[in-house]
């Protein structure tokens, strides 16, 4: 029950109301209250602060015309906010609709040198064995980067630390470099996610080999579904990076191309890894199926060994339990051929001996056929 | 029986008469009487009415040369009508034949700036678990959009409401924007259809895990067929949107490109979703197969446990049911080795005890092998 | 045996003699005597006749220089004929070789504005459940169409009727339109063929669900092979139509492009349909496999229910069939613990009662596990 | 053992020494002594002879400057020879290395109008059911064709016969036409090979349906491997022909293009055929699997029928074999409920009758379920 | 346990720390101490030496301005080294990061005529049946080649030998030729690796046919995973070679193109081989599954034969073990129909004879059905 709910709720796109006006900005019901973060910096300058309202943040940006700004808004629970953003940053309403509809494919759109990028931040839930992903929307201008996300948490802290510490070249570079850095960090976090999936697959493999249960296959197949979903997220990431790579030099300066190329390489590596892992789940299914078959074989072996040994013996015992009369009850004539074995002194021990020999022979036969090995 | 009929009748293309003259306008036998709707509007003006005849509608259109018109004809049962349309709107007979043959792939054709578009409206029948689709044909001109469909019902009411209410920009935009809006609404309704399929799949999964029957696999496979069919509908939708995207600016103005791009993105998302769901049906088949195997395993376990316990015991009982004589019937000589156990005071309770121990040992063996777990 | 022969003989390409000179015109051994048909027409004129010899037909063509001609030769049993055709119509020997080798892929070749087209006419043999196809070769010139086929029968009669009746525009159009019309009729007949395959698949599905036999899977798999073969025919049809579409305007006039586009759309629809049906055969295989498994389950259930009930009961009966002596045969001492049940007045009815209870409990257990349901 | 060896030795590429200098000409150890054949001809002239040494052949070629030559060298066992060839024909050492390494993919290389072509001659070994292939290397110049092969036998005799007899146009054509003719003959022999594979598959199908053994599946799978291998050979043949087709007119004259196009069509047909046959092997595997399952079903049916009939009967017999005493051994009191059936005159025949009825009922039940049909 | 560790540790990419600054040079913890090798040569000159420090090597390079140098650094345990290399050879930090992160896809990057190439050296571990691969990074300049690898061992010794011995043209060629030679040797070693995999597969096949165990399938599936991994390595090798092929003539001189083309052909052959082997593992899985099924069939046959023979016999014996009284215990009246067989002189031998006949008939039946064959 819980599981069912989860899968549906993660495919939010399937629940959205059809027939809405394009560009209609509907704030999701359960959205968080927005929080406003601003990181401003240039070569010799760095400032980082959270603002209570969008207006305060906006004013501070205007006070620092020479700096580059990373405006970082988290939580969507404010209709008015988005209309202001549309006006202030000259964003197309369709794009803002994409921001609010938290189920877009990763993509990049370019309009007069400004970029609109959608990427997805991934997390692997180790208890539920499912992927969680949050959409990160990025708008870039000449001296700012505007990021929007529905959650308060994200995976961008390593990047923020790098800006804070002033390490590397990030403060000297144009704002498009920050965009690159954001996309790069997001992609970077895909690798440990696949790493966790990989560990989980090895656990599953171990379980299948040791004590597979009815649930095990369900887990394998639901992991496969997660990988299908992951693939559905990473493919458009690749297309996106590729599109960025092929953009004009006034958007992506030549000196930064190598960075985007690097990120593009990462997406290809990701697809490689996902495809391999997806193929491996098929192997797990085959392994499971064969384990079930092997088990059946073992069950049948037990049955067959026991039956093959005791059914014939029972028959023999049954024969000597027959009541053929030794003599004619009327005339008293003795029937010499009527079960004479019953009246011999050593019949019983001889019979027991023969039975034992039979058992030993059968056991030897089954041993030779290797039926005792794989229990 | 009913099912068979349904599938065939939904593949109407397979029943059409071969060898007809191209451009031959054959009205389908069971078609509805046509109804004529007209929505006319410009910035300050809006009118919506149903007309009894095509001529009345046509006259009203001529009375409003400055407005944009959405001529909306539903039901095909009139030979003459289509010939008039061909003449009035300068439609190629082959295109009108496509309109009447209600099984066309989605496509777009362009001739001198006028578009002819075929799209398919989807519905998911929750009782029969099948897709129902109705073809919608759209012809666009400089100041009109002509839509034709065989059913009275459609999924365009949200769009009509938007025009009525004057919300958004739809009344200010050229008629190609209405075309976009129609295509967008049609595509929008694909998502809840896939949502329903998704729920249905989860039901099926639940059924497979809990109490799969002979019919369950049939349902999974017929769902797979529906997904194959859906894919066959959505792929050409994507090609169609792509073709529209690449059209000249005098057909699709630059300012509208972003809308068509958005719709194109939706078709890609749809294909993604359909492909994932199709892969998941394969998982369901595997799950079903493994459930059947597990069941077999369980059946065999019951048989094996019972047989392994009682067949040896029966043998033992059989042994002590043998009639080996204790003495020579003729000489009266006592055979000391002929079943002496029968003549001991505690043989019977000892035997019962040994049998009980055997049973306990076997049960322990089966318990250790985990055979009691997965019942 | 019969079946084997059929499959081979339908793959005639696999039997052809290797190493022949390219362009070598070898008349097949079992060919029919050629028959010569001529349909000549222009706007006001129509004539249709069968001629005894090629020379007579040729002369009549020369007598009608203003008409368009459809020269229709059926049956290949005449070496000389093909050499005359090669000379009269300036046909490349390699092309004429293709005509005679009745196993070519559909294709189109263009040489100085004249087209050489190979297409395949399909029939579904309902008794044998196989596809039969006959090659139709078409040469077009400025005022004639030359068609060659090895059989007397074909599927072009609807087209002939249309020309005869003068319906539509066919008589006004250039000879390339007749070519189109021929290809269109040929393709048109593919749809009912797939329709018949579809019905046959539903029959098979019914059989699998109701009473599958050893042969059923063979039939499914051989149907799959037929679909593979059909696909192998339709793919090049699509390529062919695509190539025709992209031809220069002096070969395919712009006004006819829409017709060829329509035919091209049909080939795409055909491929869609064939692919879906091919995927459905995989579903049928899975259904069959699961039916076999279900059957096995049912067999095992019968065995297990019967065995589980009666084997323990037999054991109990066996116990009371044991011959433990009630008293020491020598001393006459009574053994109190030696099967005292045998000497109680109500042991027997009590035992029967206990046995009945056991049976009822087991039946209830099996009923609870749902083993009686799916018989 | 034999089989294993064969497969390896056919994948010679896997055994080659790694790390050799590119262009290193290593004559294979077990190579044949080279034989030198020369066919020289022009319109009015034809000469064919085997020469003892390469020098003699070379001299004869120089004596006939106006003729076209087919220099045909078979057997590689001469280091010096290849160095002479490299020098005389200005062959790149890398190409000559490819000639000697008898496991190259088919390919074509072009250098200053001269072609270097690798193709593979196929044979189907009917006893071992494996493909044998020999590499044929072709170098073309303005007035010669040089072919090299490691075996004495080949499939080019039909072509030699055609040149000898002067049939067709081969003697009038430029040397590139001979190249085409060689490639065409080689490809021509692929069709009967597939024909033999096809027959073999039908045999296997028959075996599976009638009496499949453990080996049968092995044979099917190894045939599949052969088809995979065949595909690996034919795909590059197709690429090669395609590359030839797209070559400049001074290499492939326009008048010959149609011939190469024809050969290209053949490679496509080959790929079609191979792919179909490969898919059919999957069907064979499924057929085999289902046959094994059906067999298991039949085995279980036998067991179940016999057990279901006799186990309950045995129980009944067991009941009346119980030894409940008719009277109290001490008091002599008669127990009225202690197996009174034993003391009725017609109990035994009535019991036999009831047993017979039971058997008949069970047989009828099994008959109704169709268990007797498919034996 | 060991196995699990291995797989993870080979997918090092999955363990790397996410969120690092791009271009961050982190030396891996367990890296080897670097060793510095220099091979310098021109037409008349050759020198090869290991240096203790990078500075000494650098100085020697400066002393030989006319020679070409192969600078060969093995082991990464020195942070400072890489910063010096970045400075001295003007390497982009991102590229140097790729060198240090030992899990890159093979690739080539070109910057102002200098190449940066990543390739992977393969080894097949025969005990663990896994692929081991080490990354080799190559930087080329006008007169040097710089290679970096983390291991001391590599597969380049055959190439070093060739340079030492002065065989071939390697000393006359520009430094790009050495690059080619390195890539070629690396690729060359892929073939014996696949050869070993091929042998291993044949072993597995043998094991499956003879005595498959639970582990066998696991081995097959893990081999499949290795092949998937190998494919993931070779595909980008192919792309890399293709990219090199398409590079400008000032980077790859025309005279060397044929060499790169040759290497490109090798990568295609590798992919062919890997794909075939991957398909063959699927065949192995099918073979395994069918072997398991066959085994089950055999087990069931044993059970069925034994049960079918002895259960009916036991029943018969049970019948004659019944205790129907021959006479009324009270009146002494003889029951003529109460088991009269018991009181006939030859009943017992007749019964034994009938039983024997039954057994023989059953054995004949099973023999006819071929149940004794495939043990």
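The first chain written gets the first letter, and so on, giving A, B, C, D and E; residue counts start at 1 in each chain.
We take it that a residue touches a chain if its C-beta (ideal position, glycine included) is under 8 Å from a C-beta of that chain, and two chains touch if they have at least 3 such contacts.
Since the structure is predicted, the reported quantities are computational estimates derived from the model, not experimental observations.
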* Angle of the C-alpha superposing rotation, chain B to chain E, to the nearest 5 degrees -> 145
* Please decide if copies chain B and chain C contact each other with the same set of residue positions, more than half shared, or with different positions, and reply same or different. => different
* At what distance in angstrom does the C-alpha mean of chain D lie from that of chain A? -> 40
* **Averaged-CA centre spacing for the pair chain D and chain C, given as whole angstrom** => 25
* Asked: What residues in chain E touch two or more of the other chains?
  -> 289, 293, 296, 300, 303, 307, 311, 314, 318, 321-323, 339
* To do: Name, in rising order, each residue of chain E that touches chain A in their complex.
  => 4, 7-8, 11, 13-16, 18-24, 92, 94, 98, 104-105, 107, 109, 211, 213-214, 217-218, 221, 224-225, 228-229, 232, 236, 285, 288-289, 292-293, 295-296, 299-300, 302-303, 306-307, 310-311, 313-314, 317-318, 320-323, 326, 339, 341-349, 351, 375
* chain B touches which residues of chain C in the complex? -> 155, 157-159, 162, 167-168, 170, 181, 184-185, 188-189, 191-192, 194-195, 198-199, 202, 206, 209, 258-259, 261-262, 265, 268-269, 272-273, 276, 279-280, 283, 286-287, 289-291, 293-294, 296-297, 300-301, 303-304, 307-308, 311-312, 314-315, 318-319, 321-325, 328-329, 333, 335-339, 370-371, 373-374
